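Mind having a look at this structure? Questions to follow.
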């Protein structure tokens, strides 16, 4: 049996509270889903934070710390902190969590792209909060900004704090961005890639596209490790494809609110359990957090600042 | 013999005067290269304008008009006006040329990406103008902004003026952007794509990447027409690959300053002549401007506003 | 939920009795596994026959008829009779089962290739029957012969008996063979392809190869239906990939003797159950035999000659 | 400028005299075309022999020797002797030329496939010789036999005579055949592959197929050298694609009788000249025979037995 690292992306900054009553919003909800995902077999929890009252995505450092601390008390799951921030947030603030918590792993978005959610607004019948509709619709004019300078600065920050970057790859050219950073000594190998598929603005979530991404990365970077996540209905299909290609997989309510067609997931742990069932059928066992630390080369939970 | 449309991209907004004494800067130089490209066999000239004194990229409408008018007096080449503008230019100004000149063809960039030139600054030994070095280096923090709203607005403007959009595709996800616009009735088929390869921030210029782009477009859009251009040393190689795949080709000093390794092109016409020689060996003849108008479905030179 | 057709290839002509005590050899064993596979959810059983005493592959028409008749009495599974025959068998004899039983479905191998098993002989420690070792080793010099004339003759025979051909595709060029037959009016659309992967001599069993096969078939044939089977350890992985690509899947002891690493399958039904568990997790339900008849356009069990 | 090895395949065993008055048949004609190809820039001549009176493909060792000897007197071109033989020839006879002439290079077909020419027979209006029509039509039932045993025996013969094998690859699975031979120590690296595209029975001649073959070989074999040839109208297009992918190219009347659409080539040298013109435009220079010997690692003309 081979081992794969399963990640649960708990809440993200894409979905809004009206879309599912199960979307974790409060620190307690986020913490509970980290623990539930751990129990289901996830080795990593990818975390964003939200305003506990409205669910609006924030980067509140106090909330980040609270979540990290309590999760650490309850289990040894690896925390991967986002540096993607919420829509439109200034770049400087997005990295604060790395400096503050010195986590083992943090996301590093490997390029800029349109990141559009406006087309899903029409699917929501009733809004729970004032900010939601405008938040989604405004993305018709939104670019997720990650310039080469941003990437260079984030890398400096992460290496300084011994935090491993997880490179979020939204399209083929971003592999070349990363290869450029590697060849210029700005990013260090071995690198860990998260292929984020199916965002409107990025590469669609199809098996053929994933095969092409993996082949391209092999040609441009040589050895690397990768995981896959996909937006919406393609989540499980693409995660399974990743396992079939020898990769790892990320599920979670950040990426899809469903656990099967028409059935909302009650937490990310349900999705973790499902992809692990698929994995076991295919001869892939979940790596424990300890095994995942070895696989990804992380510094260990005793080296974080929380 | 099949026919291909050859485009000459005369000057662009990427290269700076210090890089080649042959880069057209003044209206007269740009006009002369349009005519030279026409004589060499190009059916389309893709034009940007620059400050005549410093070579700094502008969107000066008077200069655009002067160039368009004089080129029209001297030959029947199709003018494809840029709406890409120069680095950092506000979106509103980029479309003015369409409203003013009502050209037959205009570029429409199909998504946002890092558009980075900073890594080439170190190759220039001596700068002719103050602005050049900073212009290039600043691109470490530059995003070429083309949101879904931008695209929607540009399309409205172009269809209003009966100007055909040439969709500039820099990566795989942008094909999906275009498919989204088509499926939502915002862009009209048949569509004409320009695969722009080899920009740092976009997809690299390799034959396998082009094969994948063409296959992807066929799956997502069905029938379409395409051309290919590529930055720097890969220009001719990728244009030839396009012809081999049944596509059209764009050369010109905007994309590469060279006509062969180590030899600067004296004008875009030299590159046009070269790709046409290659084409003829492969059984592909250049379409005349009249033939290209039929192939691309353009309104004709008598319908422009210059 | 979408539906997929699951096929069980019961015994084949590749594996030999020494390799697994569970390999069905006698008519009763083959019949039982057809029924077990049906109970597990398979809609089709692909059958070869063997000498009941030695397990040597034969094309004994009496045995074929006995199996078909008894299976029909016990369940409504679709029978897909092989026309591949055993190693070295003259072409004429391979088609007899179609004329005799007039089955709903029969395999039609879409080209010639080396079909080599000699490299697995060294893995067997003790031989149960005299013929086995020589049978396997002789394949170093074996070609599976399916010329264009063979294909034309088999097609004539099948269409005459209203038996649908299942085209066994072992490599990319065989898709072109089939396209040639279609374009020349010798094969009729819609066509049903079985991609047979991982035979030494044919295309290896990898997800990227399957993506390429499917893409190629779409380009060359247009609409088509397909299933996938793969030799040995790649069986389940490739069947899952097929489901992810929208295809159908064939498992069974003909293709692999194992149900997971190191665990021999007790019958094909165990493998059917497993791929169906995977399918359900991915949103794919098994088609019943009745549904499969509609999907594949078969004549029905009341039209066969057994 | 990079260098490519250009090969001229002088006469082959596919085309028949009625198809072109320029097809070399007599030793003198074959010799003259070897020399003409050398003058045009070819480094290698791939040779078959024919009956001087009827043009029927033979493997007459006396004729082989006559040709090799006279070509050697007139120029230093590398001779690559076929071991493919004519349709239906017994395997043993096909290798005789290696033992007799001990050439620097010889073809080694890397698998079995249908090799079908019957569909072109209808294009010939008038037959010059009795054997031609039947020869072509009989290929509806023809398999080109190259089993693993054949390959092993040919390799033994070639290594014994210090003749480098040129592996003829007709489909994706044959790369795996070669990888199998390499991994089992039967074939020695570095290996030289000739992708033979567009034979009915093998993989079609398209740029996407060639990209896939090259990518597959890189994955399965690691470093390797390759050349490309293609049947009929795709000859020049595929040879150009090979140069664009960093490969070498084979032209010649064996593969295509034309030099452009509707224009018969007067000899293989015309095709050599054409592909070299294309190459030069793309920055690829022809390797001299001496350079090609270094590139391919050949023993030298002083080590042959003619």
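Each chain carries a letter (A, B, C and D) given by its place in the written order, and its residues are counted from 1.
As a convention for this text, a residue touches a chain if its C-beta (ideal position, glycine included) is under 8 Å from a C-beta of that chain, and two chains touch if they have at least 3 such contacts.
Bear in mind that the values here come from a model prediction, so they are computed numbers and not experimental data.
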Number of steps on the shortest touching-chain route linking chain A and chain C: 1
Farthest chain (mean CA position) relative to chain B: C
Distance between the centres, which are taken as Cα means, of chain D and chain A, whole angstrom: 52
Chain centre separation in whole Å, for chain B relative to chain A (CA means): 36
Chain D residues counted as touching two or more neighbouring chains: 215
For the chain B and chain D complex, residues of the former touching the latter: 1, 207-208, 211, 215, 236-237, 240-241, 244-245, 260-261, 274, 277-278, 281-283
Of chain A, residues touching chain B in the complex: 111-114, 116, 118-119, 139-143, 145-150, 152, 170-173, 176-177, 180, 184, 200-204, 209, 212, 216, 220
